[in-house]
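Everything on this sheet refers to the single structure shown next.
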Amino acid sequence: MADPVAAGRAEPRGTRPRRALSRRNVMLYGVLIVVALYYLLPLYVMVVTSLKGMPEIRLGNIFSPPMEITFEPWVKAWSEACTGLNCDGLSRGFWNSVRITVPSVVLSIAIASVNGYALANWRFRGSEVFFAILIFGAFIPYQVMLYPIVIMLREIGLYGTLSGLVLVHTIFGMPILTLLFRNYFASVPEELFKAARVDGAGFWGIYFKIMLPMSLPIFVVAIILQVTGIWNDFLFGVVYTKPDTYPMTVQLNNIVNSVQGVKEYNVNMAATIITGLVPLVIYFISGKLFVRGIAAGAVKG
Amino acid sequence: MNQMTNPAATSVAVKDLRLAYGSLTILDDLSLDIGEGEFIVLLGPSGCGKSTLLNCIAGLLDITDGQIWIKGRNVTWEEPKDRGIGMVFQSYALYPQMTVRGNLAFGLKNAGLPRGEIDKRIARAAEILQIQPLLDRKPAALSGGQRQRVAIGRALVRDVDVFLFDEPLSNLDAKLRSELRVEIKRLHQQLRNTMIYVTHDQIEALTLADRIAVMRGGIIQQLADPKTIYNKPANLFVAGFIGSPAMTFLKGQIGERDGVRTFEAGGSTIALDQYRGEVPARGTAVILGVRPEHVAAGHVAAGHGAAGHGAAGHGAAGHGATGAGGAAAKVEIDEPMGSDSLLWLRFAGQALSARAPAEHGFKAGDAVSLGFDISKASLFDTETEQRL
Amino acid sequence: MNQMTNPAATSVAVKDLRLAYGSLTILDDLSLDIGEGEFIVLLGPSGCGKSTLLNCIAGLLDITDGQIWIKGRNVTWEEPKDRGIGMVFQSYALYPQMTVRGNLAFGLKNAGLPRGEIDKRIARAAEILQIQPLLDRKPAALSGGQRQRVAIGRALVRDVDVFLFDEPLSNLDAKLRSELRVEIKRLHQQLRNTMIYVTHDQIEALTLADRIAVMRGGIIQQLADPKTIYNKPANLFVAGFIGSPAMTFLKGQIGERDGVRTFEAGGSTIALDQYRGEVPARGTAVILGVRPEHVAAGHVAAGHGAAGHGAAGHGAAGHGATGAGGAAAKVEIDEPMGSDSLLWLRFAGQALSARAPAEHGFKAGDAVSLGFDISKASLFDTETEQRL
Amino acid sequence: MASDTRPRRPFRNLSAKIASIPMIVTAVCVFLGGTLWTVVYSFTNSKLLPRLNFVGLDQYDRLWSTPRWLVSIENLAIYGVLSLIFSFVIGFLLAALLDQKIRFENTFRTIFLYPFALSFIVTGLVWQWILNPDFGVQNIVRSLGWESFTFNPLYDANLVMYGIVLAGLWQGTGLIMCLMLAGLRGIDEDIWKAARVDGIPTWKTYLYVVIPMLRPVFVTTLVIVMAGIVKLYDLVVAMTSGGPGNASEVPAKYVYEFMFRAQNLGQGFAASTMMLLTVAIIIIPWAYLEFGGRRRG
Amino acid sequence: ADLEVTHWWTSGGEAAAVAELAKAFDATGNKWVDGAIAGSGDTARPIMVSRITGGDPMAATQFNHGRQAEELVASGLMRNLDEVAAAENWKDVINPPSLLEGCTLDGHLYCVPVNIHSWEWLWLSNQAFADAGVAVPTNWDEFVAAGPALEKAGKVPLALGQQGWQMSGLFKDLVLGLGGKDLYLKVYGDKDSDLAGGADMAKVFKALGDARTLAKGSNVQNWNEATAMVISGKAGGQAMGDWAQGEFQVAGQVAGKDYTCLAGLGGAQYITTGGDAFYFPALEDEEKSKAQEVLAEVMLSPETQVAFNLKKGSLPVRGDVNLEAANDCMKKGLAILKEGNVLKSADELLSPDTTTQLNDLMSEFFSTELTPEDAQARFAELIASAD
């Protein structure tokens, strides 16, 4: 229809596209790299600042790399920074955080996975109603529940104990985790469940022998969410513990806010990084499974 | 072992079964008796309640009303594992994290059988199903057919009286499906267990069943052996559902010529004297159902006789085919199916299909004359849609 | 419209196509010429590269090497929309949130067609496909068959030269599948477009195709019309893949008796004088492939003649069937399929299937005598697996 | 031997019911009970300790005439709308970019998602530092020669909420991206092909075909994002403590401060009740969509 | 016994002071378990209250005496200290005696005041004024006048942390310093809303407007960061309580030489005697209860008082101690104390609820363009509804 000569050529029309440096690729990777820089900037600033001495920081350029690398802020943040009379930095809080996080994560995931399993496979009259209330709980600002929880914990005598805090974390982790597990187990073929029942497995048999071994991705999601959530928690940590069981975030807050004259930004940043390290590491290790689990547990309804 | 309250020959009995989800009734007042060692196929379109019925028998659904008896025991409220059933699922539902051996052993371990006994049973099942080399693989490393065998094996090791299959072949491709069909049949001949088999594929039903229960909307439309179902479908639905290529239906009414009742439609008449059933009174509106293999298409010039010999190599030729009074039909489409062809015709303004040998020589647009084997046709009441 | 550099009859030409994912080559040096108005079916097992080839033609995959010509234009690097193709997908890929009308109009609006023209085209497509009443529904409110029609409609409105179908029926149940098959065939007869149709269902291939390209592992095994493919499969793979019930294969070697070459296996011999092809030298190991409908089973007492007349109502009866020397075969399984039955036999220690009329009267365990229609059988070289 | 009698309902699936006790107790006692408790006490004039001394709607009257509460509501609205829009837009764009079969997808995804592993406290501190006019961006740009450059959101009452949104987005967009990516991956590849054959430009395909198809993902994401927005507290505390002045106050902070600092529990509970009411307005339609009518097939 | 003591003294000077208390208590053979919570009383108090109401009290906790702990005391959660007080004869040694009033409810004593804090100070950086080339001001008006010169020299005239309590502290200073004793007592004490809306207060609000102008550019949150600006000469001055002195001291600065302090912002020479007090929650453990008494004693012993207050920069609660070591500023305070020009602090006069509302108003004023007139109207309303 167009130029007959052109049309008659044996050469393919249009150019062979998509070489490595095509416009599309340049745009695509360009945008991605710019955005990635934006996301990395704060981390960069944190790291760089934590390696500078205070005099250098006062010069003012937070983006310039340190002229002289010093690890002193790290040492100070970890073991020397003071809050009131306690000058042992974050180190004490670290172990407290571990002692709080591990049982909380284990307990909350154990309970939520069983609940999710029951909701997905063993529905009974009213189970959906309880679940809806539970989901409502996901929206309640923690501050609102602070007082009722204080009273509840007082009544059952767990206030101020580590078990009390673990309980609180379990309760507040329950809505989202239950939702995730319920959705995940619902996506497991129902026939598998039926086959196991015919094979004579009961509620727990199916849970432990069939469902659990299949649920790695969703467990990874749950673990990441809970570890980050609980490790990063400040409010419950500070309200429901005592100084000798303060978690790391409370120590962090104390260090950062215990300003002695001028703010020691380098120490603050080092402390910040150290505090965020555990969830970050867990996240970096299992990021891929996280996405898979999200796809299975959050998106499918 | 079990006390018999029912006739000895009954293996599974469903009595007045009702199942409803809230206000939505899926099965209503359904009864079914299945004999010892019988192979029953539940056949019906998607959503008609086949799986639901099977799950009720297995005890995987809490029934709303009625009773289930297995081997003379009322098992209505027993746990699935105590009913003496084994079940094979559409997607096989193999436990993905266990080896084949683990899959087979799971139910036995749950039942607390000793190790030696478990091993013995697995060995036996593996032999029957020829899966010995696969025992230590995981399901992911098996082909579709192998998975299917393992799924059957899982039911087999449990040494049950009744096997339940829920569309075990529908995930497979056609070739494998036909192979496994034969295997299941062979297995039944070997084991002689009672088998209840759900499918929506009528070929499976016809090839496997001792008796077929055709279901629609939760109701059993016809329960009979395959031949009866095929040749004397109880109603229009069964007739249309069974048979591939499907039966075609002609609307018309009863006429009479030379003292012989005839079927009249759009000016063409077909004599019904060979019809094996009750032909209603003259003037009644009826539907005539004929299967393609009972219609013989012949070259128009050669007339009726030629139709019988020339083109139709099938049943219609062997048994006396009744001519359609030379009424011309036109070939619309020719579907060659390898071994033979399906001709889509227009006859009396209606669509009609006829089976012809692969080398029939007709082209789309050709006019043909038809011969009908009325002894194998069915007449249906237009109102009730029941066979007459 | 376009100037032709290729033979006028060629609609789509694939030249030396190569497609690789990294180091994994899926299609290698594949060439295919498709005539104007031809209905080509690409048939092959799952994963053999059918969809890949189709996507290459559509321009949805960047090919590694080679050329694609459509209507005499080299379109190798053109955008799919400029190739003059329409495509129908297995899952239909309808835009779920648009009405049927929206689905049909979307591409046209994008091409900047005026409103009136769009409406006209939709009206026409809707009429052809009889989906006028559905135009304002959303896909979710359509049945499988209706969705399929809309998907075809979407290609139709684009007024294209070439239709590409990627397993458009494989998501449907058997009944609907056979109905829609007829519709597609009718559509092709009406439109006379070039159609390239991917399937792994051989019945679809046989009924629809002008020519079938049987593929395996990215290579076209045979490209021919359905009859040739059915009767003269190029190799063992094609022979086994095509035909339902499938061809059975007997291993044996060439012998000779009374100056006539024979096929010998396990003590039984079958004369090959009627074989249409080249029979190799005596002693050569061969595989004999026979389709069930070319095997006639008869009652042993009646011998050869009876076999031809008594039981085998099909092709084997019509043409002179060559006896198996009275070698007894044993019925293992009888698969009734409604219109006729499939008998699974053990012959010369090997499995063999035979088609018999529904009322054959054999039971499992019966001994039968066999007649073979060798003129329709195939001999394969054991080594190369090619037809001889 | 034969179980002719129908077992009593409550005892079927007993294990399942027992196993659900923690959920039931949590739902009923903690969430429902706590909520009711809060609502009841919002009608009292409790000070430091809860007392059942009813004063009718006084607390609500006061709440709605307190400028700080009104500012809080307004701020939450600003933050909510902005972070909702931007996290959806950015999250979706990033997901769409990552869905282009790119190389190093894992690396990029990790980079976008890592802030999610950090607490709001940490996020707040870092961004406070970056936005600090004396050390951060403003200072850098000025030292490059642009003396009059002003970028000081955290100390400008008109901009402070935007500064907080900036940090909030940095922290939360990764998760949104992840959810969207999961959704995109679930879309039938054939849809893309169909659109290409139809000649639909990519952006139009996204706009008219893909995004409408992602509706369920969007709903889930919306719920997650909304829940986060309502709870906004830590970030504000870490970045500005509600300052400058009251410019970045938010409802959760108001609740907290009135309950504990101002020792006026009644007022705090009234504010809590208002928040819960908002949550209910958000979640009830969602719950209806999620559980109403539709059942798992 | 081990006693956990919670407090919010975490800045440099404060921590040093607390260390003195701990040292003294440890010397009695007990152990001070420090429970510092950083980030001002606003952060710490809710935690302390939760702990006490949650049934897991600490052994002693800091509050600002006044009305913060009123309800806790009324619900019987706090320990009655009458016996210790009698034994140690606190009635006589505590000066001014009004301090004990704040700790008394229904005739019983519930807390131990440990220092006298006065809010009414303006801290000036000599360095900054030198740089700007103006004389160090001697009163508020001069300070306001020096503003432009400071600004020109690149200084922030008035350092002010962006937290409500600091702002309303500044306001209170202005009320007392510019409006005088009667105005202060009538407005804060008698809740006289007519006066609060009157002409005298209008002057104060105008001064507040000036303060707002002067504080533009003060980009800090915490009071000690603001103080740090004064110490480093970046800011001209800061209105802050006497605890700011601790920071100057930690930074090694000398009163009169490096910095100047103006009591009552250089106006009316009054101070309010707010201060920190320790409350002792009722405990069941006998041994700990005993130790609580020891702690209360120790806190008020003359030696501790001197050591503590020198570090803290506040005034001791005993009139009978020797403060030779006190610096210029402290001496000024002591002098005012001697004169008896001591008023009740706002914490004692207003409920926490009203205080919060007042803080909010001031926050709003400093972060928006709210006119002094409107602010005054709102203030009057607030005073009218105060309890």
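Note that the chains are named A, B, C, D and E in the order they appear, and that numbering of residues resets to 1 at the start of each chain.
Keep in mind that, in the parts below, contacts are C-beta pairs under 8 Å (C-beta built on N, C-alpha and C of every residue); 3 or more make two chains touch, one makes a residue touch a chain.
This structure is a prediction, so every number in the text was calculated from the model and none was measured.
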item	value
Per Cα centroids, the chain farthest from chain B	E
Highest C-beta pair count, chain pair	A-D
Geometric centre distance via CA averages, chain D-chain A, whole Å	15
Distance from the mean Cα position of chain E to that of chain B, given in whole angstrom	92
Distance between the centres, which are taken as Cα means, of chain C and chain A, whole angstrom	54
Inter-chain centre distance, chain B versus chain D - centres from mean C-alpha coordinates, in Å	55
For chain E, residues that touch 2 or more chains besides their own	46, 50, 53
Junction residues of chain C - those touching two or more other chains	79
Where chain A touches two or more other chains, by residue	146, 151, 253, 256
Residues of chain C defined as touching chain B within the complex	45-46, 173-175, 178, 181-182, 185-186, 189, 200-203, 206-207, 226-227, 230, 241-246, 291-293, 313-315, 317-318, 332-333, 335-340, 342, 344, 355, 357-358, 364
Chain A-facing residues of chain E, complex	4, 6-7, 9-12, 15, 18-19, 22, 32-39, 43, 46-47, 50-51, 53-56, 58, 222, 224-225, 228, 231-232, 247, 250-251
Complex contact set, residues of chain A against chain E	82-86, 146, 150-151, 153-154, 157, 159-161, 238-240, 242-244, 253-263
Residues of chain A defined as touching chain D within the complex	28-29, 31-32, 35-36, 38-43, 45-46, 49, 57, 60-63, 111, 114-115, 117-119, 122, 124-125, 127-128, 130-149, 151-152, 171, 174, 178, 186, 202-204, 224, 228, 231-235, 249, 252-253, 256, 265, 268-269, 272, 275-276, 279-280, 282-284, 287-288, 290-291, 294-295, 298-299, 301
Residues of chain D defined as touching chain C within the complex	188, 190-191, 193-201, 204, 208-209, 212-213
